[in-house]
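You will see two complexes here that share chain A, one where it goes with chain B and one where it goes with chain C.
Moving on, here comes the complex of A and B:
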């Protein structure tokens, strides 16, 4: 049975690319997509997917706050942050419970980037 | 308003990173190679005379800044494949977000200005009037001759 994922990003343009990647490259089943932190919490609670991807900079509730709320209710949640935010954000997310962090830009035409992304996802399920 | 020359000097120290990040983002988002044809320059104000503008505010406790991505024509803005204009705005907004994120990866930038937090990108059609602030500006020209104009203006936070 294929693994399931929920994809959350405020960019619909990027959601399409991420969904495409998970469906075609990783053979995941995409259960839903959302555009902000509130939708992330709602979708996670509803579907309890094997993985949820979260952007950080989003309107209404950002990805960092959504991640903390999901982990509070579901400590074993597999959360992959996908963000352009640099600096201490990665460490902050990982220490708050995220299982992986992928930096934008998402270079899906670059095989090295694609392999790194796949490896990051694979490591989440092998932890 | 007299501009602080210290900011201009700090921007000059980042002269290589602004166009380099632009080229990398164009390749990642549009899938085409880009190049710098005219040297990028530092201006006293962001130019706002293009019909399509994406603006992203950023800042920290010392500085406020704005990244502006603009296009002279529909064709230039249409460089990123999209199904509708709304999606195109969304894509270039994400381009702006990513550009700023990548700036924060550069010690030349963060050593001078620190880390800036990003807001949500906005689109504006028609002329835009920007406040005076030193701005590093230039154009990335793609192999198929589309032009992406990028400008980053920054000033000390007014308190």
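Moving on, here comes the complex of A and C:
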């Protein structure tokens, strides 16, 4: 049975690309997509997917706050942050319980980037 | 906020110092723009009009997208100006107006990410965190008394205008 994922990003343009990647490259089943942190919590609670991807900078509730709330209720949640934020953000997310962090831009035309992304997802399930 | 002549001189001195730093790294901003377009849209962009440092930024374009960013020490604003032809050239399709902010917000987001990967920038200004973008139509934003750079790139002759300003908090 294929693994399931929920994708959350405030850019619908990027959501299409991320969904496409998970469906075609990783054969995941995409259960839902959302555009802010509130929708992330709602979707995670509803579907309890094998993986949820979260952007950090989003309106209403950012990805960092959403991640903390999801982990509070679901300590074993597999959360992959996908963000353009640099600096200490990666360490903060990983310290708070994210299982992986992928830096934007998402260069899906670049095979090295695609392999890194796949490896990051694979490592989440092998931890 | 009130200030005296000493405060005003100190502010000017800070602005001048930032302007000098920007002048030394102008190519960082044009390269960042080209790399962002390539990363997001898979299109080659060429530096168009000469990029320069400026004390004001004025962009006249059909659509203007602005995105702020900040750290504990600095705050900045990125301004992108595009028209319909440029949008079609970049995305390969006509977009609904509601999609502009989505797509060009992501371009601005990517621009900051690529800029934050430039050590020559972060050594001077550190890491800045982006805000959510705002889109204006038919606007001509004018940012006076700033330390900034501006210029443009072209994708198959369609121009994308860029302005970036940064200041001490």
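As a working rule, the second predicted complex is superposed on the first by the 127 of 127 C-alpha atoms of A that agree within 3 Å, B and C clash if a C-alpha of one lies under 4 Å from a C-alpha of the other, contacts with A are read in each partner's own complex, and residues count from 1 in each chain.
In this section, a contact is a pair of C-beta atoms (placed from the backbone, for glycine too) under 8 Å apart; a residue touches a chain by one contact, two chains touch by 3 or more.
Everything numeric in this text was worked out from a predicted model, so none of it was measured.
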Clash or fit, chain B versus chain C on superposed chain A: clash
Partner chain in contact with A:84 - chain B first, chain C second, else both or neither: both
Partner chain in contact with A:4 - chain B first, chain C second, else both or neither: neither
Which of chain B and chain C A:38 touches, first, second, both or neither: neither
First, second, both or neither for A:120, with chain B first and chain C second: neither
Chain B/chain C common contact set on chain A: 10-14, 57, 59, 84-88, 103-107, 109
Residue numbers on chain C that touch chain A, as the complex places them: 36, 39-40, 42, 71, 99, 102-103, 105-106, 109-110, 112-114, 116-117, 122, 126-127, 129-132
Interfacial residue positions of chain A with respect to chain C in the complex: 10-14, 57-59, 84-89, 103-107, 109
Sites on chain A touched by chain B in the complex: 10-14, 57, 59, 83-88, 103-107, 109
Residue numbers on chain B that touch chain A, as the complex places them: 24-25, 27-29, 31, 80, 82, 87, 90-91, 93-94, 97-98, 100-102, 104-105, 110, 115, 118-120
